[in-house]
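Note that the chains take the letters A, B, C, D and E in the order they are written out, and that residue 1 is the start of every chain.
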Amino acid sequence: MRFRSWKKLWKKAVTPMKLKTGIYWGAGCGGCDVAVLDVHEKILLVAEKMELLFWPIAMDFKYEDVEKMEDGEFDIVMYNGAIRNSENEEIAKLLRKKSKTMVALGACAHLGGLIAMANFHTRESLLNRVYLETESTDNPDSVIPAEKWKKGEEELELPAFHSTVKTLDQVVDVDYYIPGCPPVPDQIVSALVQVWEGKLPGKGSVIGAGERTLCDECPREKEEKSITEFKRPVDAIPEPEKCLLEQGFLCLGPVTREGCGARCIKTNVPCRGCYGPLEEVNDQGLRMLSALASVLEPKEEKAIDELISQLPDPLRTFYRFSAAASILRRKKV
Amino acid sequence: MKYTYYPGCSVTATANLYQESIDTVAPSLGIELEELDDWNCCGATAYMSVRELMSFAISARNLAMAEKFHRDLVTPCSACYLVLNKTNHYFNDYPDMRSKIGKALEAGGLSYSGNVRVRHILDVIVNDVDMEKISSQVTRDLKELRVAPYYGCQIVRPEMGFDDPDEPESMDRLIETLGAETVDYSMKTKCCGASLMGTEEKMALALCRDLLMDAQKKGAHCIVTLCPLCQMNLDIYQPKVNSLFKTDFKIPVIYITQLIGIALGASPAELGMKRLGVKVSGEMKRIIEGA
Amino acid sequence: MAVRIGVYICHCGTNIAGKVDIDEVVEFARGLENVSLVKDYKFMCSDPGQALLQKDVEDGLIDRVVVASCSPLMHENTFRKATERGGLNPYLFTMANIREQCSWVHLDGAETTDKAKDLIAAAVRRAFLLEPLTKREVPINPRTLVIGGGIAGIQAALDLAEAGKQVVLVEREPSIGGHMAKFDKTFPTLDCSACILTPRMVSVGQHPNIELMTYSEIEEVGGYVGNFNVTVRKKARYVDEQLCNGCGACWEKCPGTRVPRKGNVHEKLSLGPTTSIYMPFMQAVPAIPVIDAQTCLYLKDDQHKCGLCAKECERDAINYDMEDESVEFEVGNIIIASGFQTFDPSVIKRYGYDRLDNVITALQFEIMNCASGSTGGKIQKADGSEPEAIGIVHCVGSRDENYHEYCSRVCCMYSLKYSHLIKEKTNAEVYQFYIDMRCFGKGYEEFYDRLLTEDVRFVRGKVAEVTDVAMNEAEEGKLIVRVEDTLLGSVRRIPLDMVILSTGLEAHHSLKDVANKCNVSVGSDGFIIEKHPKLGPVATATDGVFLAGACQSPKDIPDTVAQASAASSAVLSMITREKIEIEAATAEVNEDKCSGCKLCNTLCPYLAVKFDEEKGVSVVNEALCKGCGTCVAGCPSGAISAKHFEDRQIFAEIEGIFSGLEYKTVSKPKG
Amino acid sequence: MLENEVCYEATLDHDFLDEIYSLPGGEEIKRCIQCGSCSGSCPQACQMDHAPRKIFSLIRAGFRDEVLESNTIWLCSSCYTCAVRCPKEIKITDVMYALKRLAIKEGKARKGRKAAVLSKNFVKMVNKYGRNHETELMTRYILEAELFNALHFVPQGMRLMMNGRLPVMPHKIKNLDQLRKIINKVEELGEI
Amino acid sequence: MTFEPKIVGFLCNWCSYTGADLAGTSRIKYSPNIRSIRVMCSGRIEPTFIVKALYEGADGVLIAGCHPGDCHYQEGNYKALRRYRMLRMILPGFGIEPERVRLEWVAASEGERFANVVDEFTDQIRDLGPLKVRDSLERILSEDAIPELEEAMEESGDANEA
């Protein structure tokens, strides 16, 4: 039976029992796992409250161990990484089945993440680029990984490489999201505290982050905006006190959820949007586009085009993390 | 100031005196003209009457070749100026034209993106050169010389934006900078009929007559022009006007660059003055030589 | 409780039913989610039609209403009211436009019915997400600001003042009167302009309910309908209005000259004295002179040597130390009546206005012809002699895409008037060069008819050029008009002594600024855009701001006066209401979501979105918001929503369009 | 058809306007208000069978032959005065070009025979050398169009020659091949 | 059978919607392929609306607002123009021809122009062919589907519901 009333369950489970926890790594860079470790001394707190049953990156577990578990046996599974291949998807579905609460951890599981920029290409072009065309590739026989490979009697099998990167909630039901690339360790802890204190918000919520956009916690001076030029951090050093957007640096802070502590901003680097948009926003990239276009200075078509042509790769800038979670999700073929 | 230079066919033949004077005065004005290699006919008036697209296509060949230099394309000929600009206009504003011209250029291994700014040499002299720099170089005193500026039609029309289509004044300004006097003269943009001279001679001669008459009446010593066709028309055909209309015009018709040369002290030979049909004589000769 | 949507499909006689298969659409609508009843009726906008939906609402059968009929611009209000009468919030109603944008524009066929279905499905989805909105009320300040003291402003101000309401009349010139004060006669009745205008000017000056501020300009307008805050800059006049009695001793002795003496002799044309201290014209209201600081010898000179006028003034009214002052006040409504300026023909070089003496503009002719003008009403050439032939060139700057595309509406008539006046005073031949004679007003065609019999020579053709180059003896020393007489098909050259350019009317150069300050828009022609070209010619998009006269479009005097009275009665109806409802479909900031990025602050054309420093969030002033939604689309965090046009409502509409049938193949309605 | 007769609609070509309208530059003719500022401005108007304004009204009414056979289109000297003065911004000169081409195409260029000959030879010259060779152009033109009048042209020719303004040899461009490829491609694409 | 595109129009209330109504009152016929959604100002039109319409099945999207300088709300149309220019830049990344989205200025008096714009745009989209973003996405995703597991999940889903 799948348990639906999470809060009730939690209250029952609060004290003596340790939370049976699983952490899994889909298509990601491993940064989220490191972020979990980065909670430093609080890991003790974690260890006290949680019993890690499954964490392939840190401990030796086999998929069979999970398959043998009861349905819903995990109290919580934190899945990081996007769904890139059939293995990611299968394990996601398996873990969903075995857990009471499924948390998407990090930008990839949440929105598709950097990996999802692959959605602007076809599977073939990606494989070709990586295995045949890169400048450093030496592949005289033009071998491209295949799903099935016969060697003598043995048949080897690899997970199928999907054409489209998906977010976790595009393949399984997700209860909560912890955003970030990677999530700020403190936020992970605070999210976990919410979990074991049973103070979780409604299903589908983002936890471990704020309710407004980054500008709220951004310490810079903000004025009314009118953009006349675009610059990249390589072109000029931003003034540290002034809103980056007003200076022409494309900062995604206005469309990005707060919670990270404006860490990039404080080191004079524009926000790239990894915490994703607020709930009301259904497409982070388009929302940024709309907001940004609103405050450009020129009115004539030519001048507009001239200005926006200064934006380097606007598509991937607006959708650096959220391509898979956008309305269109991928390039049409 | 460096420009790509498109002389046009006439300047290499009947208007060779124009070229000579340009060669003489350009360095003093700080204008560097680099001739566009292997340019072809602009596809002007007569061509356009028969084949429009073709005329744009061959015109675009010049533009395509000029585009890679990222400089303004300068021509001394009003007709070339008009046609090259018109090619740009049709190329940029009519997608169908653009694609056909594009395909034709492609056949010749060329491509054009519509970004060459075409300018007339008068525009360059008046707007890019510092007028004070010109007046500081004037060595001949021309204050007695009464000059009728004649712009003709195709430099200001259809509106190119650098001067008024009915009452241009850029050459007037230049003439005054050179120290000469411009005569108040209403015919400065009236058609001289050059393009009809071959086919409807009488009509063209009548138009020339009106022009010459107004200039004479207003006491002009000479007419200054900037178009090879206008110059040839008013100069070479002047005796014919006289014989047809029983008039007695002897008005030299010189190029603006020749006038600049005179003011700046160049010798008549350097300016191709001896190639004029109606030679400089009388009062004008006295003023120039006396100065 | 589940949402219950009622769908009402209008036949509009055969307007809709003739093209759209009503039965099929009814059947389709029944199948839509959340629709609990579907009815069709011959004319939904009729009383029984409205009663139909009203009753269903009253009976509690439905809680959302969709009417599929004509355009919402036509009957949205009608059905909103019916919905409200039924006891439901009027914003829980929406419309599907299956007439103007469906049955009327497509052919009879399946595709038209399909489109109607899609539009209804979209409306139903939208209706599902509609939310009740409440209108708010604000009180109205009964005082009114009238901008501009020409005949339009005078009329509007008097109408309001007579009704017992307070008016502030602001005029940029030293006297009210506007263009009309410069005219000698008015068409087509030829009655004396001064005789009909002066009494009205005097009434304005004396009316206890009118506060007159001449030589003043609007500096700032804040606030909103019913509650505007206005700042006016009173320019320094250097003459104390309280002390001066307008005796005229000052300008008698003034050595300065305001009107240049050199150049085109017609620049001397002036109605009042040409001195530096001057009265604009003798009937000026207020009858108080003003010093032109640019030419006043005292003010220009650091030594301040002159001071003659001060010496002459017995009442010590001259005050050289006077400075511009700002005055602030509050009003409830604004009437813009700031008028026009005439087109400057010097840009049309071929007409030689700058170059040729005796080429003059219409307004110059008016002044020349005016008995109190500097020629004493004598029609004369620059050299003072009487002209033998005068040409009047129509459409100068009008009906020409190089200048103004529109017809200026008054030039044909005033040109005819000039012909008559010239004939009356001189023996000159008069030529009218026109493209089309437009004599549309009351008595206008009759006036044209009269002029035809007065031996005016009419040449149909736009003048190609005016030149002084003579081609024969008869042309020597004359102005020659070259024109194709299009009715003959031949080009004519006509020698004349004087050419009057019938210059068109154009928006005053300051109009854009005035419009900006009052938060109304000007169109591509430069004139202020009215609320609706037909049904709202007096109002603007900004509530409480009304229009009168030529600031809206070129107009003659009767139309101007009519519009001025209309504007004042519109204002009166506002004032009488005492309170006004303001737009309910405004933008709204969710303060919990707003991060204070200030991105939206520049977007609002009405400055309704402001940053609240205390809360650190942006807030919408609902009284100012017009509900355009620009800030909503610009808000990066989704914290601003547009009531009645929320993202989710529009998304639902889009989904609705595609929720219906698979699209069928259709034929193209052409051929 | 124009002379003192009733013009029957059936004899007129009502597609003529659309044909002109579809040409680049011809889009605005429908908006002509017949003000006559083109005719008034035209230096040749008096010599024309129909002044430009009338040409437009003939086009609109469908008098195809009257328009294409008129001398008007051949007397236009491309001074563009009409075009800049037109209150409707009609590109009158460009329309005249279009009409010239149409007249040649339909064999109605009788009155423009000389102009057509000059133009055709001009094209020939450019296609042959890449540039115009004025000496050869005039020689060819005189031979073809003005043979009986040839002497008439001598004084001007002499005057030019004596002043060293009439080169004997043509100038051929280097990459004539490229130009011809462009020209051939245009042939293949067809005029618009 | 020719392909008949479906076009969504976003029209501003004051100029373009009124212009479209005028086409109606003047009975000017145009292609029935367009379904219009009324917003108060073209400045309200968010890129998400356009993309949503394309996603839901529109083959083309027409945005229409007041002519520059004529905006009822002063400058909303300029914002629409800027958003439109920027949106066009990123559409190719999603494999969508930017020509499928068009911005036009239609004044309240331009009923005929509205009809012409719709006809012309419909022709243009007809030439471009069907878009079907959603179908294409579903097709691609189905290639990625894992059949065995899918069935297993469905079974367990059924079991859960039971």
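The rule we apply is simple: contacts are C-beta pairs under 8 Å (C-beta built on N, C-alpha and C of every residue); 3 or more make two chains touch, one makes a residue touch a chain.
In this text the structure is predicted, and so the values were computed from the model without any measurement.
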> How many steps does it take, at the fewest, to get from subunit D to subunit E if each step moves to a chain that touches the one before?
Replying inline: 2
> So which chain is farthest from subunit C, going by the mean of the CA atoms in each chain?
Replying inline: A
>> Report the chain whose CA-based centre is farthest from the CA-based centre of subunit D.
In response: A
> For this structure, which two chains have more C-beta pairs in contact than any other pair?
Replying inline: B-D
> So, what's the distance in Å between the C-alpha centres of subunit C and subunit A?
Replying inline: 55
> CA centre of subunit A versus CA centre of subunit B: separation in Å?
Replying inline: 67
> Hey, how far is the Cα centre of subunit C from the one of subunit E, in Å?
Replying inline: 35
> Using mean CA coordinates as chain centres, what's the subunit C-subunit D distance in Å?
Replying inline: 47
> What are the residue numbers in subunit E that touch two or more other chains?
Replying inline: 46, 48, 52, 68, 75, 79, 83
> Got the subunit A residues that touch at least 2 other chains?
Replying inline: 282, 287, 290, 294
>> Residues of subunit C that contact two or more other chains, please.
In response: 350, 465, 603, 630, 633-634, 647, 651
>> For this structure, enumerate the chain pairs that meet the touch criterion.
In response: A-C, A-E, B-C, B-D, C-D, C-E
> Which subunit C residues qualify as touching subunit E in the complex?
Replying inline: 71-74, 97, 99-102, 104-107, 111-112, 114-115, 118-119, 122, 519, 521-524, 529, 533, 541, 585, 603, 605-606, 626-630, 632-634, 642, 645, 647, 650-651, 653-655, 657-658, 663-666, 668-670
>> Quick check on the complex: what are the subunit C residues that touch subunit A?
In response: 590, 592-599, 601-603, 616, 630, 633-639, 641, 647, 651
> How about subunit C: which of its residues touch subunit B in the complex?
Replying inline: 348-350, 355, 465, 467-469, 471
> If you look only at subunit C, which of its residues touch subunit D in the complex?
Replying inline: 350, 395, 399-402, 435-436, 460-465, 482-486, 489-491
> For subunit D, which residues are in contact with subunit B within the complex?
Replying inline: 24-25, 43-44, 47, 74-75, 77-81, 83-85, 91, 93, 97-98, 100-101, 104, 114-116, 118-120, 122-123, 125-126, 130-135, 138, 141, 145, 152, 155-156, 159-160, 163-167, 171, 173-175, 178-179, 181-187, 189, 191-192
